[in-house]
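You will see two complexes here that share chain A, one where it goes with chain B and one where it goes with chain C.
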Partner chain A sequence: MAAVTTEKVYGPQEPRSFNFLFGIVVRLAVLGLVNAVAFWLGYNLWRDGNTALGIVIVVIALGVTVINLWPSLWPLRWMSPGLALMALLAIYPIFYTVYVAFTNFSDGHRYTKAEAVALMSRTKVLAEGGTSYQWQVYSNEAGEYALWLTAEDGTTLFARPGQPVENVVANESGEGPYDESGAPATIDGFSLLTGGARFQALRDIQTIQFGTEEAPVGIKSRNEAGAFVSKWQFDADRNVLIDVENGTEYIPNEVTGDFVAASGATAPLGYWVPIGFQNFTRIFTSIAVSGPLIRVFLWTIAFAFLSVITSFAVGLMMALLLNGSGIRYKIIKSLLIIPYAVPGMISILIWRGMLNPNGGVITSTIANLTGYTVPWQTDAGWAKAGILLVNLWLSYPYFMLICSGALQSIPSSIYEAAEVDGANAWNKFWSLTLPLLLVAVGPLLIASFTYNFNNYLLIEAMFQGGPTMIGTNAPPVGHTDNLISYTFRFAFGAGGTRDFGFASAIAIIIFIMVGLLTLLQFRFTKRWEEVGDNV
Partner chain B sequence: MRKSFILLSLVVMMIISVSVNVAAQSRPDLLIWADNTRAPALAPLAEQFSNDFGVTVQVQEIGLGDIRANLPVAGPAGEGPDIIVAVHDWIGELVLNGSVVPIDLGDKAAEFSEASLTLFTYNDQLYGMPYAVENVAFFRNPELVPDAPATWDEVRTISEALRDAGTSEFGFLPQGSDSYHFFPIMSAFGGYVFGLDENGNANPNDVGIDSEGSIAGLEWLDGMVKAGLIPNSLDYDTMLSNFETGKSAMMITGPWALNRLNQNGAVYTISDIPAGPAGQGSPFIGGQGFMLSAYNNNQLLAEAFLLDFMAAVEPMQALYDADPRPPAYLPLRETLENADLAAFDSAGKAGVPQPSIPQMASVWGAWQSGIGFVISQELTPAEAFGNAATQIRDLIAGKAPEVAAGPVTGDTPPADGPQNVSIPGTVQVPAGCAGDWDPACANTQLAYSANSDVWSNTFVLPAGDYEYKVALNNGWDENYGGMADAGGPNVVLALAEETAVTFVYDNKTNWVADSVNHVIASVPGSYQAAIGCSADWAPDCLRSWLQDVDGDGIYSFSTTAIPAGDYEAKVAINQTWDENYGENGESGGANLKFTVPADGTEVVFSYDASTNILTITSG
Partner chain C sequence: MSSLITSDAGRLSATRDSDPRNYVRGIFTLARVIVIGLALVFTLFPVVWIISASFNPTGSMATQTLIPTNVKSSADLFINFTKLLNNPQVPFWNWIGNSLVVSVITTVLSLGITILAAYSFSRFRFRGRRSLLVTILLVQVFPNILAMVALYLMVLQIGQYIPFLGLNQHGGLIMVYLGGAMGVNTWLVKGFFDTIPKDIDESALVDGATHWQTFWYLVFPLVRPILAVAAMLAFVGTFNEFILARILLSDRQNWTLMVGLFNFVSAKFTDDWGVFAAGSLIAATPIVILYLSLQKYIVGGLTQGAVKG
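This part shows the complex of A and B:
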């Protein structure tokens, strides 16, 4: 017996019972399903041009398969779903964000060069010397389509794919009687399509070329057919984009991602290119030098810090007060969880209404009692107080829950020992309850701080960052704006266009800042843990 | 055994995935994206179309704002719609991303109101089939205000009378600091947002938020606030509930408020926007319509669906019933006899199209903050709109915000040259300095540009006669006059009107120039990167600055840094392409070609400002 247990055995063990085989089958079936879904996703993403993401998904799926089938990786198998999700939902987006931060990916530069050229080439212009016609569609019994063309001067023609366009001479071309629009109902075995048949035909004929190679007729729109060509043509050999209409040549500028003509004009679409550190320099030359950044940063820290402290304090107080086992405690606790259960957005909107200076319940009650109408939306200090108040309401139930649980885990024996030593309730709280609680709750406090550091929803939904600061540079900054809402406006809101590259660069900077702050805080929690160890 | 098993299972999975994929290819012939008010009206129409004509049309409900944001994302991925329900002022952004294509209404164009077609026209192309146009109008409570006020001064008089008589708490209430609803007031006083260029398109370089008329409109609002007639922190809800309960008597709002007013039994009469010194107030006119996605698969069918099916009385009526906005489709409009709609139409006659250029997005926030500062009495109207206009211009220029009234932030100058360059003179007090002739004043410092290797800055100066010099390192020890002469005479600058004057100083030649006495000309070309510019064809890189140190009207610059090869160049004025000259001094003419025979050859660019001819000699 002893010999067997000391030998380290990974993987399936003898004997190969029915259960064991059944396990293998289930495992392979699940793996197969995972892989099938992954390959399907990957193939679709690849087909839609999202090659990178498609490859990542397939590679992750293969990784999971290998982990589960390779004997020496056996211990990792239970972690494999977690690892896969982390790779897909955390690591890949981070890499992607970093990548985008070094490009000019933004409105006007959203496509690759090839995509931009392809999109522009859809604009059609009449070829030199070409005529534009009104058209009607016909088909014959063989399912072939033909067009009845009417030029502006009234000339009528009949066009079939692969055959020269024929001039139609009335009553001589084998056509049936003309209708009021001047088109015959039938001609040469073809009959005019109307109603549903016409709509169905429109689905198919857009890409058909009528007439011959030399004199083609294509359909541009519901109202126009003729020899149309792409307005924008890319000459890959010479690497120039040509505007066929006037012959202007646009040279791709790989630094800015634009097609630039000698006159300095640019083609309608640009494309995205790597631009090195430009987005980062822009952060430090535009946002960083603009005055309010320091104020915004300090408020962001203060908001996150005060939110955590107040909601932890209130949550802990509630937990201590309700730290009993009776049914009434349970009922009260359940009721107090409601703010946590109601979707945040709804709570915020209700609070906004209650704080409204014109008829809001809270404001008018205070005004009735004290005669002072609190300017929640227009005074910087009151607006900040209001935001902290609402955040307290939103987040104290969370800490109440956590603290209630953590309090249960503190052994009552140490309180008895403290009582023997003559400690009063005050001493017991500060020397026993709080330090022991912090050991358990400390990491959650940090998580809450990080969350509130990036709390965009509350700031934006409450006052949209307002009231606005006076005399700041563009874009307008509010007193309650935090770093994320301020920079969001910088990258997406006020500039007129969305600049994803710039936004990604900002996200990276904020990520680094939050990371550093969190590291600092872990130092503090270490100290708590030491306290916990010493009790 | 295990390895072959892995291989086998992988092959099986691939086969499964491909077959699943093939089976999953089903897409309607036409996909329409519509928001929650339009989608329910469109869905039965789409179904009817599908049943009648055997072509599948599907309506997908998407939040209105998401339609705009998601189209350029979903479109290229092949998941996008063929047709979207859109608001006209998205056009600028959608065109910038190439997300929509023009539509040719053909003979159907005559069935739509001209105003609605104008709204959907951008760069002379029609980008949508409109179905509704809307604008705000003036609402009053006829029991409190029997006759429509003709002017904004009258609005104030009536408001005061109502309050003093105790009839109602307020007279006219605005929708808080909302800029869209303030525009009708502002325009009555002659204010505007963007000026128009010669083609009648909004000109993003002419921002009118701080124009005299705009400020006059804000002063009217300021007077109302000072008289206690407008409280702080109003919004749409409070404005309406005050009106409904008779606490206020007048407001500006649009057709979207009608349902609520009628449900709450409010008494209202709709009339034209009151007039100001510049005539009747103009509301912004906006419109909704259908646009064709540029990523569509079935453009022909989409056009036919819109023009041969939707552009008819019945479908348009269905849309109107779902959301009663004034129809753009005339055959329907003529059948509707609705006093409210007629009143909105009448107010809209004086309206102007809400600009759809992408730069408009830079305007709303700053503009609104400006109005807010006056309502909260933190700034005077001139300050408030002055600030707002500066913010808007900065945003439109896309440049780094300048630190207000402080030292300019340029690049770090080379250590062996001056560390500060300023233009002491009588230009300084107008530029915000405490006194004239102070080389250390922070407000008239020039900024060093590493790209251009020159010092420059632009100041807006009022009309008048000025003198200045250029001084280095914030003192008088080293200073130059107009001919690059050390300690030389002052430069005279005469301005007939308020002008933005750009000053440029080159420490290599000690020459200082201003954009009034001289032309600031550069030579953009294919050689520029070789002389240290960040890119070729950069008119703003003043390393190619043409200088006229002796003042004879011939501007020149020479360099030996261009490597051997063939090059092209032009002359550009004021560092942009707006004014440029090519061969034979022709405006916008062909590039000049020149050849540098060997590395290190001196190339001289010489430009005659009177004929605009550029001469390039090398070797």
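This part shows the complex of A and C:
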């Protein structure tokens, strides 16, 4: 069959060389495009102070180029798109997380100095002094406004919102009749507003910026219009930020990343600066932080451990009970793995509803039977129990599947030999089934532990980490929060500033934990393999 | 692939045959039936309950009964579905559409990327091959949600110059998902390619085919059915992803289904229980059917070490 296909595809020589040339042209075009975008992006990032990301993007683009043009690197061509994406979005973020952990990146300090200055300069105020104009106002049928401006030297301009200001000529542009200042009655579909109409329009147009974002013009008073200027101007030579409205000078403080005035006031935006180990010392020295963090840490481990143990035990039990041939076993197994197939978020929300204290079916049934309304959402112990119950429901089918497969791969001759030696069912389970099963399942248990260690979905969707620990409010930390949801609360949660630097410091702790767990997993894998070889 | 489920070799005969006395056997059987029955109730009750809730015209949590009462016409049965789809506060179709767009694009691109990489890892021998494979394995160890802060800031920064890759854009979300593509699937797909004999490639290469032609006309068609499984796993994984979508998408209209359902539930759960149930049913049914129909292959993939995300 293979021979037939090859005949078809590889015919005469000409198409191949055409394909060859075509391939080179396409490759060069794609590489050119990738490099153009990467260099443009890199330059912009570098200009605005995000130097590291800019450099990384350019270096990755150059790497892709070298791989695709260097003849001896041809096997890597095939994976260059994947490697580029992995380098940019999987490896660089790890280093970037470490870097952010050593900065004060947070709300108010979210940008580089250059970006912060650029963002603040978008706030425009009408300049004192500067060019001043007489104005007439026009409106068109769409309800848009435009201004006819006459400068003191007689220059006339026509300004619309969002469009460049046009030069116009008094008594010539537009259609007459012209008034005493030379403004036409209609121009470009706009007609002049006078008297009461002009007065009414004043209220609307006071807030409008006419002209483009770069050179906006606005109404200053009943008779005067003038140019808008940036409220904040940065004097790079003197390294001061000036509030144009009142002339206050703000000096950048490179330690805290704020622009500080002599009065102690700070400009609305600061910028991020490296702050050394401050985020880490905060973890270990601040009681308000370290107290809840230790509890979160312990619960994270307990949750992962108990989840794996309970799901594995129930999964193994069901696998043993259903370890038979026959259609009814197959049907029962298919029914039991349904929880595994339902999207996790939906399952968890269903459980959250069933455990709801106001009418959730499980809570109200228990209340009817025993008279006790289980406080799933308000009692730390019950909340934890509820989460473990739901996770059992979510994950035991997985272990049932795995164990079923592993059980069937254990040769029956081993059991026969054990029976000859006089082993009973109990002996056989503990001395044969379980050890042999762990050979196959051991690494998966650790993988599952690692997964649950980072299980954000269940924690967040179930009780949002609640009930809240007393004494934590910025942000509030809950009794069922695990490390990853704790990190989330500091970085993105409600009720606190978005403290990216501190959240990254916590994330580094998780990185280290996950790394250690994985090391353990690899060692286990090796050890179990040896066990398997000996049997 | 694996036939782990269907094979019956080595069945555990411990409980049935070890004890000759009949009454012990009877107790064992009874206990076994009871446990299996309890497991079925525990496992299936939430599923049955949510299906019942979606067709229950009362719509609220406290008044729900297992068999819907007060059903006067067939329209009553579907009242939760009509409510769901006509509520401007809950742009349910938008969310489903967003989830589908993001998941389909991510699946196609990430499979394209990983297939090429996995093929060259499977077929070519070059310096640094082993260390690259190990690197990919190590990168996969650290789920990208650990770097959520860094990813958020990167998307913020890139979005200032390329808006469609920025915050609150599906492009930015897809970009972040693609960053994890290589780590998740390369090993799995490489395993697929390893099952195709190399003789096929070699005979084509001897005949003068390029590597690309060998891949595209010979090997790729052979692994296509198996790749469908990898595609489905990637699709479902993206469809179910929550945390990155929640961080990166801020506008209600742009949310994916999982973010939408989560926020919908946070608002007023007990009154909208029936509507939530209807939405869950619409969203979960296709996924469950997909999973169950491909169950055999998924089990094979699972035992190779993948954990459901």
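Heads up, the rule we're going with is that the second predicted complex is superposed on the first by the 290 of 535 C-alpha atoms of A that agree within 3 Å, B and C clash if a C-alpha of one lies under 4 Å from a C-alpha of the other, contacts with A are read in each partner's own complex, and residues count from 1 in each chain.
Rule of thumb we're sticking to: a residue touches a chain if its C-beta (ideal position, glycine included) is under 8 Å from a C-beta of that chain, and two chains touch if they have at least 3 such contacts.
Here the structure is a predicted model, which is why all the values come from computation and not from measurement.
Contact with chain C, but none with chain B, is seen for A:Gly515 once the two complexes are overlaid on the shared chain.
Applying the stated contact rule after C-alpha superposition, one finds that A:Phe105 touches chain C and leaves chain B untouched. When the two complexes are overlaid on their common chain A, residue A:Thr186 makes contact with neither chain B nor chain C. Of the two partner chains, chain B is the only one touched by A:Ile205; chain C is not.
Of the two partner chains, neither chain B nor chain C is touched by A:Thr310.
More residues of chain A lie in touch with C than with the remaining chain of the pair chain B and chain C. When both complexes are overlaid on chain A, the residue A:Ser448 reaches chain C alone and has no touch with chain B. Of the two partner chains, chain C is the only one that A:Leu320 touches; chain B does not reach it.
In the superposed model, A:Ser431 lies in contact with neither chain B nor chain C. In the superposition on chain A, A:Ile350 makes contact with chain C only, not with chain B. For the contact definition in use here, the residues of chain A common to its chain B contact set and its chain C contact set are 40, 44, 48, 50, 110, 115, 356, 358-359. Those residues of chain B whose C-beta lies close enough to touch chain A in the complex are 2, 5-6, 9-10, 12-14, 16-18, 20-21, 29, 52-55, 72, 76-79, 93, 95-98, 101, 103-104, 106-107, 231-235, 238, 241-242, 294-295, 298-301, 303-305, 307-308, 358-362, 365-366, 369, 372-373, 376, 378-379, 387, 390-392, 394-396, 398-404, 409, 524, 534-535, 537, 539, 568, 570, 572, 577, 580, 588, 590-591. On the side of chain A, the complex with chain C involves touching residues 2-3, 5-6, 9-10, 16, 19-20, 23, 40-41, 44-45, 48, 50, 53, 74-79, 81-83, 85-86, 88-94, 96-97, 100, 105, 110, 115, 314, 317-318, 320-325, 330, 332-347, 349-354, 356, 358-361, 364, 393, 397-398, 401-402, 404-412, 415, 424-425, 428-429, 433, 440, 443-444, 447-448, 450-451, 454, 456-457, 460-461, 464, 484, 487-488, 491-492, 500, 503-504, 507, 510-511, 514-515, 518. Listing the residues of chain A that touch chain B in their complex gives 28, 31-32, 35-40, 43-44, 47-50, 65-66, 69, 71, 107-108, 110-111, 115-116, 119-120, 122-123, 195-196, 198-200, 202-203, 205-206, 219, 221-224, 253, 255-256, 260, 262-265, 268-269, 282, 285-286, 289-291, 356-359, 375-378, 466-468, 470-476, 489, 493-497.
Within the complex formed with chain A, the chain C residues making contact are 2, 4-5, 7-15, 18-19, 32, 35-36, 39-40, 42-44, 46-47, 49-50, 60-64, 112-114, 116-117, 119-121, 124, 126, 129, 132, 136, 138-139, 141-154, 156-158, 160-162, 175-176, 178-183, 186, 200, 203-204, 207-213, 217-218, 236, 239-240, 242-243, 247, 258, 261-262, 265-266, 269-270, 273, 276-277, 280, 283-284, 287-288, 290-292, 295, 299, 302-303, 305, 307-309.
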